[in-house]
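Structure incoming, see below.
Should a chain be cited, it is by its letter among A, B, C and D, assigned in written order, with residues numbered from 1 in that chain.
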Amino acid sequence: MLIIMKIGATKQQILDVVQAIEGIGYQAKISKGAQRSVILVHGNIGYIDESYFKKFMGIRDIIHISKRLKLVYRENNGGADTIVDLGDNIVFGDRSAQIIAGPCSVESREMIMETADFLSSRGIKLLRGGAFKPRTSPYSFQGLGDKGLSYIHDAAKKYNMKIVTEAIDEYSLSQVMDVADVIQIGARNMQNYSLLKKCGAIKNPILLKRGFTASIDDLYASLEYILSEGNPNIIVCERGIRVFEGTKQRSIIDFLGVSDLREESHLPVIIDTSHATRERAKVPGLSRAALAFGCDGLMVEVHPDPDKALSDGPQSLSFNDFDLMLIELKKISGLFSKPLKFYKEQK
Amino acid sequence: MLIIMKIGATKQQILDVVQAIEGIGYQAKISKGAQRSVILVHGNIGYIDESYFKKFMGIRDIIHISKRLKLVYRENNGGADTIVDLGDNIVFGDRSAQIIAGPCSVESREMIMETADFLSSRGIKLLRGGAFKPRTSPYSFQGLGDKGLSYIHDAAKKYNMKIVTEAIDEYSLSQVMDVADVIQIGARNMQNYSLLKKCGAIKNPILLKRGFTASIDDLYASLEYILSEGNPNIIVCERGIRVFEGTKQRSIIDFLGVSDLREESHLPVIIDTSHATRERAKVPGLSRAALAFGCDGLMVEVHPDPDKALSDGPQSLSFNDFDLMLIELKKISGLFSKPLKFYKEQK
Amino acid sequence: MLIIMKIGATKQQILDVVQAIEGIGYQAKISKGAQRSVILVHGNIGYIDESYFKKFMGIRDIIHISKRLKLVYRENNGGADTIVDLGDNIVFGDRSAQIIAGPCSVESREMIMETADFLSSRGIKLLRGGAFKPRTSPYSFQGLGDKGLSYIHDAAKKYNMKIVTEAIDEYSLSQVMDVADVIQIGARNMQNYSLLKKCGAIKNPILLKRGFTASIDDLYASLEYILSEGNPNIIVCERGIRVFEGTKQRSIIDFLGVSDLREESHLPVIIDTSHATRERAKVPGLSRAALAFGCDGLMVEVHPDPDKALSDGPQSLSFNDFDLMLIELKKISGLFSKPLKFYKEQK
Amino acid sequence: MLIIMKIGATKQQILDVVQAIEGIGYQAKISKGAQRSVILVHGNIGYIDESYFKKFMGIRDIIHISKRLKLVYRENNGGADTIVDLGDNIVFGDRSAQIIAGPCSVESREMIMETADFLSSRGIKLLRGGAFKPRTSPYSFQGLGDKGLSYIHDAAKKYNMKIVTEAIDEYSLSQVMDVADVIQIGARNMQNYSLLKKCGAIKNPILLKRGFTASIDDLYASLEYILSEGNPNIIVCERGIRVFEGTKQRSIIDFLGVSDLREESHLPVIIDTSHATRERAKVPGLSRAALAFGCDGLMVEVHPDPDKALSDGPQSLSFNDFDLMLIELKKISGLFSKPLKFYKEQK
């Protein structure tokens, strides 16, 4: 910790601070500059709570050198990347970028089968689809629950895909655990620490979405909750953040945040290009931008008949929209960042 | 719903929209203005999903007249206020303003006893104190859990106070239910809809804090989750919202949001003046402002020895600070908005 | 204008509003829905000020159909694109994307000559460089003023380039007018309406940067100030907006805002990928994303020796950085959106 | 400056940084902590540009101890308050709080006379009224210009009041200079540094409004522009800042920002309670809150007939509204912060 004294702080004020530091067992080094003194606190291993020092006169600023968190930072991971391996050669965080696709919600056995059939024929191995949905209105469709889970399970089995599906509370987590290859925790639950701790105590990989108003530091704290309980298999997902511009669009993809996350932390980071747009016509453009910027994967909503979708219809791509987008993405894939990974030869 | 066509929209484009409206069972009234046509949709009872219309050419804007939610709006409550009555003449939403005070966390039996003794001697009847705490860092003190609950229970019983304490998940809710007069749901759980639904299914009054990045409409949706499950006893709490100004302070009290809530909804609204400040010296000023602006109550953090508090120390008032603030608040109380309610004669 | 009455508004309240509408010369059409009445106001050509109606009881919302502005909207431009033609086949808004490059400030005759030499050898025709700089600190380098203008003039002449340079007030505008092919108005002056009006009264094309906290609607108003004075030659520049996340980065590129601008307005829109980053290592990634998303051009800062730059050094690319970025951008150019325009064959 | 090295930074990396520091003439002190090294830079008088160090490997963070600005900070003013004295015992920044009132714009000789007559009868000595108005739409009323100035001049002379009126560019500044006791620079021009410099070169006191999306640090930079040109007579005005919540209200008063300004800087700070609301019914509540919080004055819009105002009608108080608000404000005035200053006995 570094304590910056005010210009004109008295000797006594400096002495008081030094004694306080020593009083709690640390060492203080005073450094007199041209204009002011600064006091460097030594001997601490971790983060020191600054509130203890707030009462002293003559302090201008207190700056922390140690950070409150540990496991989430790359420097505490020996500088290495974390690789999340789902088996069958499906891996996040290595040299390729994955595509996760599927409907917002599993609406029926037929629709998820149809979607899995379509996606697997395009070489996509990661099928998303919610059985438990946290919708903004209590009157909106909330998902089929356990029945939805069994449908996506059957679809993934038949088409040899991996399942990405959401848990929203303890009950759904207990159900989803047995079925999901990746458990999604949505943006609204990003600071539901109780749920995060439970995610840390299981083995399934977790896909944690950044809250649409969470700072990168908030996100680090949430990741630390999972990591500190023992689960290192986390995929981080940027899905856009809310800005002052409330009337125009839902949220804005924070590309620089993605690169901060990639540099400061060690976890794979994917980008959800559907939720930021609210409008399917804009999904391909954002997906191209995300891939050109560089990330460990994309997540997009695809639906057999988006106009009739029970949730997120406006931003869901039809099969045809998705095919057209894939043509574009393949052109850019691998040109200067991680190439998209497809699991069978494309037509 | 009102569909505003573009200037220059063709007759055929207008016709297509009208046919689509009629195709889903509603009536369409075309109104030709000087510059453009608008189409008013009739015959619907509730909210119409606009995504169905997104594909039509020639539409400039779609404006909803019906709202997605119901129970939360004052106009759907016959214009009346909701009164939350805790018994013993302790009431939120009527003609006086309550003070909820106490430590962030229950740290020991002694400290909560000492706090209750002090507060009750000042005529305060509402004792806050968390047994389950959702802290930003997993390494911060997380509360004493069930033991904490039993301590605050004993303190409230001895000093004849009401308990306001937080639930953060299903387990803590099941424990807190038996003890709490008011169950607090914190800002980070404001969109934990699963927890909100469970709060809607019980009888205890709920104190729902607005998320620090939640819009008023987000908050309405969360309130509707509780209301729609059958629990009308909700106290809303504004605690400051996050702004672009990240470096200076934690959050900014949205006073106009408080009056919007009071006008558009029917629930009592209190203001937490501790969390916005991060600094105890600023709590009295914000509390004076809140009381002068007008609200149904204040919530403040008070601790016997704030410098040693295990959580929220910097913004907690000492007993002496609290006394000094009360002197100020009493001068303003009742001058032009709801007077503070004290439950015994003050010295 | 549409006036939405409250559920339960009385006949008299509706009548009062209707009489008020008729009293100012418009017609009122009442439409009774299942739950509430709405009143459509007819007969107005432009925007009606809603304040007149604020005093009436029983009104829930007032919704404007006519907009306050005119010239800035595509629908008022017959749906057509505006093309900004600088001569010599250098055009914004048509089928290709331009690159504007150069230093933040003109620091000396040598450095701008060297930069122009380099850029023109890469087929870049648009040279940026500020002579008048609005810096956040009054103690930072403020530009060379008139001398800087003459240097960039000489450089552009020698290397046959077009000049993009900033005006910050009346004096600098009067100087810059004679030299600049495009006059830049910076983000901090986006709402300096007095300066905008003066830009509207001249012939030079204007490059207007969106303020880093301006909404799209604020930007439309600023554009209307220029358009309404008679200058249609405007290039809009998105340079990132400020978000609640103050500690991590300067600003976030609002890609969806760029597509809103392109659809709702008719002016060319370019993206400045240097200012959002504050860090040169991130400029190529954002530039790739911008080009993949689609826009009418890029603006980037390039400096012969960025570590010694007098302004914006951290985010300026060296010549070598720029070359490496160009290699990437050429791979993506024209794949699915407007191709970059280069003005001579590249090696 | 403090350079924090990464955990695991090599000796060579630390040495490289030290050599770089010494290479530009400063001293480096290495301090090895339990986990990492930090390097303190000594010998500099002012702010060091960190960009020079960005290229070195092994650096985690660079923290500035010296600040970029000088005159604006209280510690550089010997800790003292600046008092802005307008003569006739009208003073900002001392022990009382001033009220500035009047219409948004001077609309006619009669209306400004009538307003001055009314306000002076209530003991108000500071008359606001714009002759030059920066309106968001170019089609809105832009003020009467020079004629408006002469009207407010006559009104102030007749009723012995001081004039607060806005300058928006060089021309209006040159006109306003001769008439205004206080020259207002509006929120949209807060970063019009060219205009600020001109304000710094004159003698008139300046009222600088914080931009609605300006951080406190942005504001300090703008103030420094005025101070550094030699004009210390500045009144700062908080008028609300824009938040993510775009749909509900215009802006939110940043009370904690006001106290930060008061502590960190030395200038008087007033609060404009009209612009944040957009609705006159909410002005008294915010004004009470502002006065209860504590500030050096209030600025409110008052109009003889607000429904017919040419600008800002919805948020302007009528004379009767203003009288009712004064009754409330007098009750609170002086109770715990600066009392309002009235200049004659009130009925």
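Note that a residue touches a chain if its C-beta (ideal position, glycine included) is under 8 Å from a C-beta of that chain, and two chains touch if they have at least 3 such contacts.
Owing to the predicted nature of the structure, the values given are computational and were not obtained by experimental measurement.
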{"item": "Rotation in the CA alignment of chain C with chain D, degrees, nearest 5", "value": "180"}
{"item": "Reference chain D; chain at largest CA-centroid distance", "value": "A"}
{"item": "Chain centre separation (chain A, chain B; CA means) in Å", "value": "27"}
{"item": "Centre distance in Å when chain B and chain D are each reduced to the mean of their C-alpha atoms", "value": "31"}
{"item": "Gap in Å, rounded to a whole number, between the CA centres of chain D and chain A", "value": "39"}
{"item": "Sequence positions of chain B contacting 2 or more other chains", "value": "213, 215, 242-247"}
{"item": "Complex interface listing, chain C residues touching chain B", "value": "2, 4, 6-8, 29, 31, 33-36, 38, 40, 42-45, 60, 63, 65-66, 75-76, 78-79, 213, 242-247"}
{"item": "Residues of chain A touching chain C in the complex", "value": "213, 215-217, 241-245, 247-249, 252-257, 259-260, 276-277, 282, 285-286, 288-294, 328, 331-332, 335-337"}
{"item": "Chain C contact footprint on chain D (complex, rising order)", "value": "46, 49-52, 54-55, 68-69, 134-140, 168-172, 188-189, 191-195, 197, 211-215, 218, 221, 224-225, 228-229, 242, 244, 246, 279, 306-307, 309, 313-314"}
